[in-house]
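We just call them A, B, C, D and E in the order they show up, numbering each chain from 1.
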Amino acid sequence: MTDTQIKPSADALMRGPAGGGAVKPGLDPVRVIRWTLLAMGAIVMVMPIIYMLSASVKYPHEMFETNIIPESPTFFNYGRVLEDGRFYRWFLNSLVIATVTTVSAVFFDALVGYALCKFKFRGRYLVFIAILSTLMIPTEMLIIPWYMMARNFGWLDTYWGIMFPGMMTAFGTFLMKQFFETVPDDFLEAARIDGLNEFQIWWSVAMPLVTPALSALAIFIFLGNWTAFIWPLIVTTSQELYTIPVGLTTFSVEQSIQWELIMTGAALATIPTLVVFLIFQRYIIRGVAMAGLKG
Amino acid sequence: MATLTLRNLVKAYGKTEVLHSINLEVADGEFVVFVGPSGCGKSTTLRMIAGLEEITGGEIMIGDRVVNHLEPKHRDIAMVFQNYAIYPHMSVRKNIGFGLRTSKMAPADKERRIDEVAALLSMTELLDRKPAQLSGGQRQRVAIGRAMVRDPAVFLFDEPLSNLDAQLRTQMRLEIKKLHQRVRNTIVFVTHDQVEAMTMADRIVIMKDGHIQQVGTPAEVFHQPRNIFVAQFIGAPSMNLLDATYADGQIRAAGASVALPLELPAGSALTMGIRPDDLSVAPGPGLFSGTVSVLEPLGTETLVYVDIGGGHEVIAKADGRTPPRLGETVHLHADAANMHLFDTSGEALR
Amino acid sequence: MKLYDRLSIKQKQVVWAWTFLAVPVVFYVVIRFYPTFDAIVLSFQSWNMLEARQWNGFDNYATLFADPVFWKVFQNTFLYLIIGTPTSLIFSFLIAYHLDKTRFLHGFLRALYFLPFLTSTVAMAWVWRWFYQPVPVGIFNSFLSSAGISQVPFLNSTTYALPAVLAPAVWAGLGFQIIIFMAGLRAIPISYYEAARIDGVSNWTILREITLPLMRPTIVFLVVFSSIGFLRIFDQVFNMTTNNPGGPLNATKPLVMMIYQTAFNSFDMGYAAAQTVVLFTVLLIVSLIQLRLLRDR
Amino acid sequence: VEIEYWQYIFDSRVTAMNTLIENFEAANPDITVNQSTFPYADYRTRVAVAIPAGEGPDVVQLFYGWLNDYVEADLIQPLPTDTFSPERIEAEFFPMVQAMEMDGAYMALPTAVRSLALFYNTRLMEAAGFEEAPANLDELVSMAEAMTQRDGSGNITLVGLTTGMTAQDHHWLREVLNRQFGAVPYSDDYRTVTYNTPEGVDALEFYASLEGDAGVSVSGFMDEPQAAFRAGRAAMHIDGSFRIGALQSTPGLEWGVAELPAGPDGTQSNYASYWVNAITSKAEGEKYDAAVKFMEYITSDEAMQIWLETVGELPARPSAALTPENTADPIYGPFIAGLEYGQATVFADESAQRQVLVDAVSRILLEDQSPADSLAVAAEAEQAILDAYYAE
Amino acid sequence: MATLTLRNLVKAYGKTEVLHSINLEVADGEFVVFVGPSGCGKSTTLRMIAGLEEITGGEIMIGDRVVNHLEPKHRDIAMVFQNYAIYPHMSVRKNIGFGLRTSKMAPADKERRIDEVAALLSMTELLDRKPAQLSGGQRQRVAIGRAMVRDPAVFLFDEPLSNLDAQLRTQMRLEIKKLHQRVRNTIVFVTHDQVEAMTMADRIVIMKDGHIQQVGTPAEVFHQPRNIFVAQFIGAPSMNLLDATYADGQIRAAGASVALPLELPAGSALTMGIRPDDLSVAPGPGLFSGTVSVLEPLGTETLVYVDIGGGHEVIAKADGRTPPRLGETVHLHADAANMHLFDTSGEALR
């Protein structure tokens, strides 16, 4: 008898469509209809995005027409957005800020989520609830105290000033706590016996076990920072520090908005995230999916 | 390698005490198996030895050091978990080497040590695989390898075989046993499977509800169980137990009577126990007779479930080639010397 | 180190826990709790950001509860909640349920449904605004009018504006919810369905009696988080109604927007803080009620 | 010395200010002016957050309506009376600037002012056979009717006149239509609402009828009035002088400007507004002196002319504005003419007060409330805003 | 109750055929167990009978109906799954009643039927509990109850005991067997545990790689295995196998030789098989001799692993009370009548 046979569990193998029947072969009209409806729904879902892309390649005067395919597609707007070079800078700023914030938030959210999930100590429920309750205060109300703080510490008009409020997030802490519930304690205890300290256990044992979750959280936080507007606006003075969303508002002037430029800027801002998403789709979806596994 | 001593060990969760004054000495190089039903406190004891669980009372000594307040890493132990706890994101080599991370060995020595252990477990060619590419038995061996690599004084195993299927389990228990014969570390092994306990242990510790019921070699606990619990727990199928009364050198149970002089007052209530192996189906009037209700052929032998009337069913063994038929009336024979007797409190009388 | 060694396992855990939490706790106290606390204090003061803060007791709250606009806004906020949450959950569940049974181009369809989650609210609000225009520019109305149906004044109406503003919010969050639902569906062992098929019960019964009850944790998660989202709705409304913020006639104005306007258009910070405290309370109560109702009984 | 100057982002304004700074620095080599600019939409918030924190500029550009708050909070310093003597300013600037005087000193001064006028689409006018812009409201309505276009099902596809209370129409209604119909919108100190009279109702009714009975417009048509006009889908459009630049850069659009149509009895009125420059309390010592010098320069005739040429906004001094060249200009002329009878509303809370009038019209159009009732509600609401503001 | 017939049953996933022309007749009321190593196609066969898996080729008949294209619910079958598939959010009563939802019984009759089944499985007092409040064995019984309630013609079980621990497994297999004796439905039971197969089955079907290896009663497959695979798979511990050669009526293996006249050319290669039960430790020269390398005491008996030289290790049985010692040299005796012989292709020679 050998023990080398490797066989994934039957459930995993049979994971086709749930309740997928096997008795009737061939094209089932129910499936055809279902697929068609889903495909139509999907098209409706992406319509606004297509519209945005279409608007970005229209001439300003054509902006107000309902046609989706522009009469004469042009990269004129892209030229205008990119010509003065500020956009590149904003893009870079957004990238730096969103990346650093994401790394920090993922790090700390995982740290806190882990501590709240895996250490038993008095007051942890309280800490957890207190952190969660911060979800219930709108950011707008926090701006003034943050601004005062940033001024007192000399963070105004700096990268750090833009980033500091987002260095940790309650949502991420919640998610990470959920994820760590799925990590069996045995892994941690084995490492404890092997002589690692708690920090090493977290970093080199627990963290690698939740990588899909980390990637999902990273996407959420990155997107959140990539589109953040009001705080970066308030805390920056020089245009060199603008992020894309703040920069885009310079395309709206008194009482009138240059929509074709906003659309172009938005398209430029969205395209990288779309590309990243499409490349890492499976990974991201798996991570996002983990978020819902345990309520 | 070292002795292990538990002295008046107590564990309480909140107010409920789950381990009550456990005392045990494990000799250097001994293979001790803890066995008992689910929830009896086996894992808790093991985890206290490992330093994963706080000690409520008493003392644990490894060698001649009291380790009560030492961190796991300083206790010179290694542990193998039920679900193996091998890291899915690391190769086998890294998994095994994980136990050496904090050691001060030179990297080259570490590598050599890993290769050594891998060779011992015949896994050299698997070293670069990830756990997902291994079978259950192989994963189990990786877990053992990770424990072995540090050459600890005491090995702790917590039901390491219970996730394997029957065939693999048999094979792995043999491997572990052979390994122990080679390396001779002190081993404490937890299981709830009495066959595992019997086949592997130098000594078996049988626990129930946080108390040790009996400590002894496999032969001792099988042939001289200290009480009904041990008698029933050890041996498969379980010992047949019948209510009996004693009077005038005769024990009466389920309509049968056996001459056995005991120093007991007449009319004493007893429990009589006979192992299925000691109850054979043979022609001619024996101890009991009854009709066969179920047959379980095992090949060479067949288990015969016999309804002996009065709501009693006993299990006997018959030859595998010529078993009785279902519904047939059979006679069961037993040797008085093989009978076990227990008093009303369950303690063995002899 | 010596001292640490003498601690029991439990005490060591406590020490480690607080070591892990030290920096975050400071962060939360300084960056989150202090400003929150400040907002609560501020709700009993009057302050226009320029002058010194002055105590005025419960005046802000008195004004707030006497303000018909507040009650209108309060009602809107709940409308967003009670229309938005069920709609988005039902849609996302239906889509997830059927998408889960589809194999052809499954990944591609799923990606399309997820895409809106990645877009910028500002740009998308504009697009939707454009869709809602009367003829000749609005797609919806052009469509209606070419079908001979009279136009719907989506955004310029006290009845249609709120749902119209809500639609893009639902749209943008749908992809996320679909993925979560699909994960929940996948987590249900296949054998449950097979057992039901052998028992011969209808698809509807399977859905109602097996799928939905087993998805309870997923549903709780989504209900709570999407409710928090809808109670805090702002970006979509703000960007869809830039001409007449929260209008027409406050028909679309949510509480967060009222807070924003009070704070940054009227610079009545104390009043805005009082509204924030109310919002905070509402969010807390709604979340707690949902958890209570939905946690398994 | 370095001083900090803030204004909002608008390409031509930034360019103009850069020119002014260049000129100023050339004349004062020891002073450096740093200009920071912020997106228009959030400029007010940005300034309000920064200045009290002492983080703001030394010289700041503010909308005139916001100034009161800053003055009361001592965040703005009065201009020195020796260089900016009230008498001289009264003599040299358009009278509406006098709102900037407090306790015998001027708190702030504008470089430029703005007023409203009627833009019209030349081609559509020609196509409808009109040669002249409407001179009064009746003509406005009848011409708009003639130029409105509809599709088969009666939906308007081109409006005769744009409407949009959220754009400039609330100013038109408040300061222009009210007065033309015989109402006085506010008491002299702008602390009391006085438009809730039958005349005021007439004005409101007239405005509402543009979309209602007359049917020459749809509010929210193409989202924004100016967008409709720029897209050639509106024949006439009331807007401020700041729109000139955007229209000039719209290819293919032919347009003209006329003074606002006169009222039924020939009354002319206009709404004027301006952005002022002020010295914040942050500027002290030599910075203050430098700031004063800078203020002096940017309120000079020279600066105003540069501003007019670069931005298209009208000089705040008649001496700069009413040059023959300017008054005869087909584009600037009507605006400058409007300045002479322009009114600058003193706002307590501009956005709230605007909302009151926006809602008043919405109630009539969306909820069929009678103009009289709607106006009464509006007057009460606006009075409440004023009372709350001035009570403090 | 009905017969079940599989005729040339074929299953392919895409292009890989995993079941190759399976033929089997199950009599009415028979208890048939499918056994085989993991991945051999047991579950697939069962699921095809249930109608959960499409049939690639061949025919399935239940009674005298071809059911190939019938929906599961119309096949008059019930199935018990490995993970029980009982709904965690429903009470035991609702779980059991789930199978009756589509039946046209009056509600009162349904209740009566549920109570009847619950009584049969002695779970009456558990009816209002939720599955989370049940032990493993009780959950298993709920799953069986749900299948029984509809009184189907054929019961299908897919490894229903493999999630239970050893003791419970022994107990449950007895319960199922007794149940079958009472209700007498046709049962198809899948397991990979040969002990389960042996003890429960009327007939055993042994599968490997999608082929049936042997069909027979437990005694048949144990005593007359058709090939090496069956010989090794059935019986624990496994049969000892040794390479042998035949010449002149003598079989030579591992230094020993046995006189056994066979009709084979001289020098033929063979495999000789002896079950551990048939290899006894006794004094005096026997078939083999060697040193004891491992001892596995099982109580009454002890398994003795003997190294007989040449790299061969065989397992023998010794008495539990007086087993040999580790390292001792022992003599192993066997009866030629109990030897199994296989040709080079693995087929049994006699």
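By definition in this document, a contact is a pair of C-beta atoms (placed from the backbone, for glycine too) under 8 Å apart; a residue touches a chain by one contact, two chains touch by 3 or more.
This one's a predicted model, so the numbers in the text were calculated from it and none came from an experiment.
S.K.: Count the smallest number of chain-to-chain hops linking chain A with chain C, moving only between touching chains.
M.R.: The distance in steps between these two chains is 1.
S.K.: Would you mind naming the chains that touch chain B and likewise touch chain C?
M.R.: Under the touch definition, chain B and chain C have A, E as mutual neighbours.
S.K.: Which chain has its C-alpha centroid farthest away from the centroid of chain E?
M.R.: Chain D.
S.K.: Work out per-chain C-alpha centres and flag the one nearest the whole-protein C-alpha centre.
M.R.: Ranked by how close its C-alpha centre lies to the overall one, first comes A.
S.K.: Please find the two chains that have the most C-beta pairs touching each other.
M.R.: A-C
S.K.: Taking the mean of the C-alpha atoms as each chain's centre, how many Å separate chain D from chain E?
M.R.: 92
S.K.: Could you please state the distance in Å, as a whole number, between where the Cα atoms of chain A are centred and where those of chain B are centred?
M.R.: Result: the chain centres lie 52 Å from each other.
S.K.: So how far apart, in whole Å, are chain B and chain E when each is placed at the average of its C-alpha atoms?
M.R.: Chain centres of chain B and chain E, defined by C-alpha means, are spaced 25 Å apart.
S.K.: What parts of chain B, by residue number, touch at least two of the other chains?
M.R.: 51-52, 71
S.K.: Considering chain C alone, which of its residues make contact with at least two other chains?
M.R.: 10, 49, 130, 136-137, 189, 191, 194, 196-197, 216, 264
S.K.: Can you tell me which residues of chain A touch two or more of the remaining chains?
M.R.: Within chain A, residues 1, 5, 64, 144 contact more than one other chain.
S.K.: Could you please specify the touching residues of chain C with respect to chain D in the complex?
M.R.: Per the stated touch rule, the residues are 46, 48-51, 129-130, 133-137, 141, 145, 148, 150-151, 155-158, 243-244, 247-250, 261, 264-267.
S.K.: Help me check something: in the complex, which residues belonging to chain C touch chain E?
M.R.: Chain C reaches chain E through residues 189, 191-192, 194-202, 205, 209-210, 213-214, 216, 296.
S.K.: Provide the residue numbers of chain A that touch chain C in the complex, in ascending order.
M.R.: 11, 14-21, 31, 34-35, 37-39, 41-43, 45-46, 48-49, 51-52, 55, 64-66, 108, 111-112, 114-115, 119-122, 124, 127, 130-131, 133-138, 140-142, 144-146, 149, 164-165, 167-168, 170, 198-199, 202, 223, 227, 229, 245, 248, 259, 262-263, 265-267, 269-270, 273-274, 277-278, 281-282, 285, 288-295
S.K.: Across the complex, what residues on chain C touch chain B?
M.R.: Answer in residue numbers: 5-6, 8-10, 12.
S.K.: Provide the residue numbers of chain D that touch chain A in the complex, in ascending order.
M.R.: Within the complex, chain D contacts chain A at residues 8-11, 36-42, 45-46, 49-50, 53-55, 167-168, 222, 224, 226-227, 231, 233, 240, 242-243, 246, 250-252.
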